[in-house]
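Each of the two complexes below includes chain A, the first together with chain B, the second together with chain C.
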Partner chain A sequence: MKKIEVIQNVLEANEVIASRNRQLLDKHKVFAINIMSAPGAGKTSLILHTLRKLKDKLRIAVIEGDVASIVDAEKVQSEAKAIVQINTRNMPESCSLMAAMIEAALKGLFLDTLDLLLIENIGNLVCPAEFALGEHKRVVISSLPEGDDKPVKYPLIFIDADAVIINKMDLLSHVDFDIAAFRRSVTGLNPKVEFFQLSCKTGEGVEQWCSWVWEQVKTNTRGR
Partner chain B sequence: MHELGVTENIVNIVLAKANEAQANKVIQINIVIGELSGFVPECIQFYFDSLSKGTMAQGAVLHFDSIPTQLRCRDCSTIFHPQDTVWACPGCQGRSVEISQGRELYIESIDIE
Partner chain C sequence: MKKIEVIQNVLEANEVIASRNRQLLDKHKVFAINIMSAPGAGKTSLILHTLRKLKDKLRIAVIEGDVASIVDAEKVQSEAKAIVQINTRNMPESCSLMAAMIEAALKGLFLDTLDLLLIENIGNLVCPAEFALGEHKRVVISSLPEGDDKPVKYPLIFIDADAVIINKMDLLSHVDFDIAAFRRSVTGLNPKVEFFQLSCKTGEGVEQWCSWVWEQVKTNTRGR
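Presenting the complex of A and B:
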């Protein structure tokens, strides 16, 4: 018997495809945001607000990831310039989008006609943390009814986030969510993170988020 | 829930290395897995048994070496293993920490014949 040293990252295959996606997006000057959260935290609602606010300034496409159904795709259809629905139910893995799924979805988009790509990941705080897609920014939404302990329970997804959104701020008086404690937990893990507090229900705070997205896209395009 | 793709990668990497070494059979695959990694060894073994059928890796034992979580306090640089889910530094009670170890998932080596 002989021992052979390997030392090879098992996730490398996904990372290779992710960096290929990123190069393709960069080549066509498309800025991509990966939006992650637990089910029901407000990914689709946030995407709808973003589309309505920015669609006159930016050409925006959406990739919708869901285990099944096209309900989210139907909701955003009238607002987005293009939309690709990925259903993971019949795929070998259904808990997260992966770089290869995005690679296939990008083939269905005319990238030259786009400025911004919003990717709605599968509702899940565990698995999406492990898989890069080729995105420029990673955004996590936490909503007040979920409780303020999510960064403690699911640290990885918060560690790699560029922005964290606290959604459903309109419910603040009805739930025991300690905003300061939540923000402390997140900044402990990730000191450079940007926070947005908003309500997709009332629209309060959505403006600041959209300005941030707009700034990111502008900086990205100007940089090249 | 997402171990299938990862196991496919493991099988591909192992077979490539074993072929390169002109092996007849893969006996054991030594995998290093961080405590924080979201992958379940039993699940990887389950997929592996199915994916390796008919290859020289069929019947190989997957040996997992678990690496404990290690955190570093950003304030006082203490390196520690968290005792519970609250990641607080035992030195200064600070909550600003970074992971220095525990997210690994790699194949360290293979034993071949």
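Presenting the complex of A and C:
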């Protein structure tokens, strides 16, 4: 007897589509990373660094999520092999990318020509935590000026993260941010998480992050 | 014949409750300000400054909105006349305060003993833009490290703001932020908005903000 799938709400529907996206990406051997943060924490800058560092080794596409505008897509377009901008302003959910939006975006990409897909989610620490997109890894950026209490206030997004990046390390002496306390809060929620401390402004620490991305893609491809 | 009210969706339902909240606040002569921003832009710090500056002239209560935790409520409790913490983690909408949450919180306050209600919304530039709470003024804080492109990416929250505060002015020489460009973007969306440039860290500019709040409360009370 065939299993009858009953979708009861928007989150379940999202999971179904996310799982379909993941299968499609796996079939074409594309590794996908969902990059999440508060507004202005440095998602686009991190993507730019990653593109510049890895574009000679990997074929990289970017999906840019924003409520409105194409300013981020314009910033990365010269470095990415392909780019799709999603504006959520008039969508049912404007505060996060959702799996159905990624499904539509994937139709606009030639997946066989790609190794890595970087997805820049909407700048928000609440909604993106709830919606899987079909990604292989979930990354959260926290930047020093936001303060070290973000894991306490927005736990869900940290619980499911594979890696947490502490950005804007160049501002360390100008802001109040207890790195040890922040890391303790995050590992209290999520003991297996990987940490990176870097500055997209100075480039300090970006190398380690890019090495990790490179390793993830290699391991994933070998495992298939 | 009595008017039959038809509520068709969650936004309309929210408007109805917001309008009821506003009537209740007006009846008790309480002036309410809804303070919105991205995570870590300085809502709690601004509320603390406002309490310290105005608590001898005005009886002030605070409603603290957070997805989880009571850390902000703990910070302001010694300065506020009354405080209610709302945690949205398990509510239907966790990414913004909604009018129904404020309605419940107002039941926990003795409104006749208050002049001013400061509402700290969830740290988020998307969802809070959509939900009126019954407030008299809407204030958005942008902090320099977030970058000057936030009005371009999150226009809705700026369109409806009565005042926009540029916080963390102490970091001006350490970050890339074009104040003139930011202000042009905001006034392009919302020509009548008031601007304040301040630093909650050094206290620079806080005086002007507090004077504005004081004027709003006085004008509002006189007009009744």
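Throughout what follows, the second predicted complex is superposed on the first by the 214 of 224 C-alpha atoms of A that agree within 3 Å, B and C clash if a C-alpha of one lies under 4 Å from a C-alpha of the other, contacts with A are read in each partner's own complex, and residues count from 1 in each chain.
Everything that follows uses one rule, which is that a residue touches a chain if its C-beta (ideal position, glycine included) is under 8 Å from a C-beta of that chain, and two chains touch if they have at least 3 such contacts.
Just so we're clear, the structure is a prediction, and the values are computed from it rather than from any experiment.
In the superposition on chain A, contact of A:94 is made with both chain B and chain C. Contact with neither chain B nor chain C is seen for A:51 once the two complexes are overlaid on the shared chain. Look at A:155: by the touch rule set out above, it reaches both chain B and chain C. Judged by the touch definition given at the top, the superposed model places A:125 against chain C, while chain B stays out of reach. By the touch criterion stated above, A:146 is placed in contact with chain C alone, chain B being left untouched.
In the superposed model, A:32 lies in contact with neither chain B nor chain C.
Once the two complexes are overlaid on the shared chain, A:67 sits against chain C while remaining clear of chain B. Once chain A of one complex is fitted onto chain A of the other, the partner contacts of A:10 are limited to chain B, with no touch recorded for chain C.
In the superposition on chain A, no contact is made by A:86 with either chain B or chain C.
Comparing the two interfaces of chain A, the one with chain B and the one with chain C have residues 94-95, 126-127, 152-153, 155-156 in common.
The residues of chain A lying in touch with chain B in their complex are 1-14, 92-96, 98, 126-127, 129-131, 152-153, 155-156, 159, 184-185, 187-189, 191. Chain B meets chain A in the complex at residues 1-2, 4-6, 8-10, 12-14, 17-18, 21, 23, 27, 31, 36-39, 74, 85-87, 94-99, 103, 105-113.
The residues of chain C lying in touch with chain A in their complex are 38-40, 66-69, 71-72, 89, 94-95, 122-127, 143, 145-147, 149-150, 152-156, 168, 170-171, 174-175.
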